[in-house]
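Just below sit the structures, each encoded as structure tokens.
One chain, chain A, appears in both complexes that follow, with chain B as partner in the first and chain C in the second.
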Partner chain A sequence: MRTLRALWRIPSARLALVVLLGVALLAVLGGTLAPHDPLHQYTDDVLQGPSSTHLLGTDYVGRDVLSRLMEGTRLSVVGAVEAVLIGAVLGVPTGLASAWLGPRLEWLTLRVSDTLVILPFTVFAIAVAGTLGNGLQQAMIAIGILISPIFFRVTRAAALGLRKVQYVEAAELMGATEWWTLRRHIWTKVLPNVAVTAAHATGAALLVVASLAFLGLGVTPPAPTWGGMLSSDLGYLAQQPWAPIFPALLMMATVGSLNLLADAIRDATGATEAPRRRRPTPPVREERRDGVPA
Partner chain B sequence: MPLRTSKPAQPTHLNRRTFLGASLGAGLILALEACGGTSTSSGGSGAGGTIKWAWQLPTTWDPVTSSAGSDVQMLALAYDPITALDEQGNAIPWLAESWKYDASGKQVTFTLRTGLAFSDGSPLDAAAVAKSIERGRTQQGSLIAPQMKTIKKVSASGARDVVIELSEVDYQYPLLFAGKTGMVVNPAAFQKDAAALATQPAGSGPFVVTKYVQNDHASLKKNDHFFAAGEIKVSAFDLYPQADPATVVAAVQSGQYNVARLGGAQVQQAKDAGLEVQVLDSMFVSVLDVHTGMAPFDDPAVVEALKFAIDREKIKKVANFGIGDVNYQPFPPGYVGFDPDLGDVYAYDPDKARQLLADAGYTDPVPAVFTSSGFAPAAVELIQAQLKDVGIDAKIDTIPQTQHTQLVYIERSKALTYDGFAGRESPVQAFQVLFGSEGLMNPSRTSSPQLEAQLKKVKETPTDDPAYPGLLQEATRIAVTTFPNVFLYLTPSIVARKGVSALPASPSLRRFEGVTTS
Partner chain C sequence: MTVVAPAPGAVPSAAEASGRAAAALRRALPALRSLAGVVAVTVTVLFLASVVTFALGALSDSNPAAAALGETATAEDIARLDHEFGLDRPLVEQYATWVGNAVTGDLGRSWFTTIPVADSIRTALPVDLSIAALALVLAILIGGGAGIGAALSNGGVVDRAVTLVCSLLGTLPPFVIGMALIVVFAVKLQLLPAGGYVPVQTDPLEWLRFAILPALALSLDVAASIARQLRTSLVGELRENYAVGAAMRGFGRRRVLFGHVLRNAAGPTLAVIGLAIPLIIGGAVMTEKLFGLPGVAQLSLQAAEKGDVPVVLGTLLVTAVVVVVASLVVNLLQVLLNPVARRGSGATGAAR
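Up next is the complex of A and B:
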């Protein structure tokens, strides 16, 4: 709660939270609040402009664009969140383990992480979809795996910094178990960094989900997604040049808010501040008698 | 002392700023030059211009190994078939000026025109044609060999006569030789390196490929050895893949292409942009391929319901912007195999579809998977909604276009697929592809003894026999009413032109004789 209050005091965080709250509401209640069935085809009203019946017009088979945007929020956001959760579940424990459980595991996890980092998101997701079948779950697993090195590196860096701080060493000397130390001293310090990373990664995942949907991967039609709507709108630019603006705006607002929120979390929690380490003892220099170092 | 009329030139000091400015200017000039690209050099008027067509690139430039029916359009730029088709689908002379069957119907002799030559100038005589046919029917991996199963022997008789002996009566060869099967490949090329034909075609067609960048473009120049070279009014032909719908009109407007294929959604935009829009009849019929070995289409009642469940008129209106014609059979009206008696045999009747399912004992929605390779998404989504309306709950499964043939026709792992049939030169060949026990586009690989018997009669009847159309149309009737394929509508080719004269009407092959640029 203290962190939330600190966040709320930052104006950009307030803006981001309001936007994200709206997006979250749409994700949960979008289908229910939609004025029309997002899959119903009004085939006599194809490619209509905004009107009182269809506030954002209709698409190429006569479906209500507003309703599809609202319904599409759920799949787009849930997909991104799912990918980030997979990334965090894979990346955070391995990041802690890498810093804590010895050089062999450290070497192994670093090599795996290095390998995953060089794989391009979209190409890997296409390969996974081609192997496991075209579906949202498959695509999210692929994206989650590729996001995991981000969590791994952030967690590992933070944990390494905490490994040698005095209170951790003191706890160990007093007989604290590694699990207790991790839980009591490390996790609470690592969490703000994970939160910042999660906010950034959600924005990135949202864009990747949209990119995949744009390419026809992940969510199969007629289910609406922001990327899928953007993609199909491009085929009818002559009839509805404004149509891609709506899903694009939603994406921009959401990703922008997530980035603002990430920055605000960092500011509010000091997540990027280097943990205070025990000051190393300066090396004793031999000095010549004239005061000039030898 | 010389009279000075102007200020003396100041010596130029090449300081850093001057150098940067000059570099920027030079770079800009180079960039503009690069952007101008071929348009400046290849533009031109009348004789000597370039057709720049955003159309499609072939799977290969070798007609023997080409795996897509639509390749024939591009291959015809570089190769000549032995015969051609008129607008009704009858065989007409091309490389062969005439042909004659013997009395038994088991031997046909094609007589070539005089003075034919391949693009390298070597003579295109009967011996070359015989060798080319022989390669097509015997080479390992040939995809046209199954169509020439009934050929026993091919030989040259003199310089102009190609004699084909058949194991059984078959009057379809003049039609068959109007497509890939009859395209003549220079023997010198395939005897030297047949694999090279995939990228370096060696034929006698109106153009010669000078450069081919896979998946990007092909540059062709006029073939002066083409037998009707005088009819080719342009000096070059640049072939590109189909343009993106979002940019195709702008691309033609800007001169990147001067002919491009359009979708129905772009027609008005192209007209508004001042482009010439031409709708060309084609033999392309959109169709649902049904695998009767896979659930739920292993139940004939579901297949029958499927045929009545689709509102083709609505799809044509919404997805195709009203362009094309609803069609319930594999041939267009006017074609010799088109059976007018079929009428609206599977006209939209959702009540009947529901009743068929109810009578078959289906009380809950019938689950199904509906495969699409991503083209015509509007049609696919409309069909899905229409199926849902009658009680078939079809989940759309989008597969990559590059895997379509493999998954649907070779592995035969998809129950219901949206696709199109581009037609074939010989109607019997079309039947074999769609309904034959080895037919590529017959996912079930089922056959019908009744249809086989009827096709035998068709093959044994000369194409100019008055009984021929009736026999062929009877075969069409049998196929349409006994096979699961759901034919939807004819899809014409729509092109936008800028600075290119009208293209000749030709439902089978696009021809460019007489086409000029300005």
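Up next is the complex of A and C:
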């Protein structure tokens, strides 16, 4: 609560929170607030510009763009949030464990995270769709798994620095259990970093979900999503070169707000986005052999 | 006799040589050890990537008979084709043969066309690689220029403009940027083609005409992160004592920047480029669809629609290998740039 109040005092965070609240409302209520049925085709008014009946115009089969944007918010946002939750659930505990439970597990988890980092989102999502079937759940699980290394690395980096801090050692000397120390001292320090990462990752996931929709993965037409609308506008760029602007603007506002919010959380809580591990001091003996003063 | 005779004379020189070799070995040991570390990590990552890829195939419920014959496939057909493709064997055995074949360049055959997967990828991969390479060059040029400009005008108009454009670029999916480029350069100005492809071997200039828009669309995202990182590290380095000292001794701003600071700031930027390689390869998928390029992603997408598992797995594996190799090159460049890492103590940190 205190953090929220501190956030509210930052103007850019206030703007971001308002925009995100609006997007969240659209995600929950979007379909019911929409002026038209997002799937109804007004076949007489195909590819219309903005007018009083269709505030943002109509698309290539005459569907109301505003209604589709409002309804599309739900699937876009829900998909991205789901992917980020999966990523956090996989990444945060393994990150803590890898900093806490010794070098062997650390090595293994680091290699797994290295592996997941090199798999490109879109190619992996295509492969998942090709083997496990094309659906929103499969796509989001795939994206969540690929997002998890980000959480893993941030959590691990934040926890590593704390392992040898004096108050943690003091707590251990006074007989605190590992679990208690982890919860009381480590988690409160790791949480802001996780929150910053979550905000950034949600923005990134929104873009990935849109990209997948553009490739025809995840959400299948005619259900509207931001990315799906953008990709259907692509075929009519010659007639309606401005059509992609509306979904693009909505997406920019959402992702931009998430990035602003992430920066604000960092400023308000003093979290560092990716705390650096102190470099191991180079072995002195070898330095001397090379004739370089240590 | 002739065999034994040289032996006594050779013994001291051999010992000497082995002594020298040992000394050289001891000197090279940190570098060798870090090299071994990098190799171990790379091999593990490749192994894990192949396991992930194979697991996707193993979890899949599509089978060659259903894929090729559709609804009409009988249980007998399924069993027969499963046997033909070796899918009735134990998973470990399947994995071993699959990886063994993949190492020799055989990724199996498509379930539909029975064309070797490796052949299809071989014809499609140069499209992606050439465009990704062009995109990387563009990203380094644009991002490097913007980052240096921003750092030089630290806090000025250029700096703020670069920061704003970078933040805005980061809020849009790459295909929207591609669409904007199509609208401007192909629809409005009619300067460049909106789609199509000519291989670089047949006509490099014509290739450039077709490749420049996709590469530009692909590069802007990465250019933004390069610019941001380069600006941050340049501004930090310019405050260091050696840079201030150089300026005090009367070196011009440009001389300090290009002669002293840029080399030190390049390390973190290279790391950003290394991380961006999967983004570029993944983004190539998007641009392929947007610009109608006959690349790996089109192959993979079409295969995914039909449930052609060998093709899908093959493309994923090849993509992973390409990314690993590219990241390895970036890592080596980083080591070359950084004298501490070159001596071996820092490379273990890089491997972590």
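One rule holds for everything that comes next: the second predicted complex is superposed on the first by the 272 of 294 C-alpha atoms of A that agree within 3 Å, B and C clash if a C-alpha of one lies under 4 Å from a C-alpha of the other, contacts with A are read in each partner's own complex, and residues count from 1 in each chain.
Here is the rule we use: a contact is a pair of C-beta atoms (placed from the backbone, for glycine too) under 8 Å apart; a residue touches a chain by one contact, two chains touch by 3 or more.
Note that this is a predicted model, so its numbers are computed, not measured.
Enquirer: Which chain, chain B or chain C, ends up touching more residues of chain A in the combined arrangement?
Expert: C
Enquirer: Should A:134 be classified as contacting the first partner (chain B), the second (chain C), both, or neither?
Expert: A:134: touches chain B and chain C.
Enquirer: Who does A:222 touch here: chain B (first), chain C (second), both, or neither?
Expert: A:222 sits against chain B, while chain C stays out of touch.
Enquirer: Between chain B and chain C, whom does A:41 touch in the aligned arrangement: first, second, both, or neither?
Expert: First partner only.
Enquirer: Now for A:60: first (chain B), second (chain C), both, or neither, which partner does it touch?
Expert: first
Enquirer: Who does A:239 touch here: chain B (first), chain C (second), both, or neither?
Expert: First partner only, chain B.
Enquirer: Can you list the residues of chain A that meet both chain B and chain C?
Expert: Residues 130, 134, 216, 234, 237-238, which sit in both footprints.
Enquirer: For the complex, which residues does chain B have touching chain A?
Expert: 245-246, 249, 263, 265-266, 268-269, 272, 314, 317-319, 374, 377-378, 380-382, 384-385, 395-400, 403
Enquirer: Quick one: which bits of chain A touch chain B in the complex? Just the residue numbers, please.
Expert: 39, 41, 43, 46, 60-62, 130, 134, 216-217, 220-222, 232, 234-239
Enquirer: With touch defined as at the start, can you tell me which chain C residues reach chain A in the complex?
Expert: Going through chain C, the ones touching chain A are 27, 30, 41, 44-45, 48-49, 52-53, 56-57, 59-60, 62, 167-168, 170-176, 179-180, 182-183, 187-188, 275, 278-279, 281-283, 285-286, 289-290, 297, 300-301, 303-305, 307-309, 311-313, 315-316, 319-320, 323-324, 327, 340, 343-346, 348-349, 352.
Enquirer: If we count contacts the way the header does, which residues on chain A are in touch with chain C in the complex?
Expert: Residues 110-112, 114-124, 126-132, 134, 203, 207-208, 210-211, 214-216, 227, 230-231, 233-234, 237-238, 241, 244, 248, 251-252, 255-256, 259, 279-280, 282-283, 286-287, 289-290.
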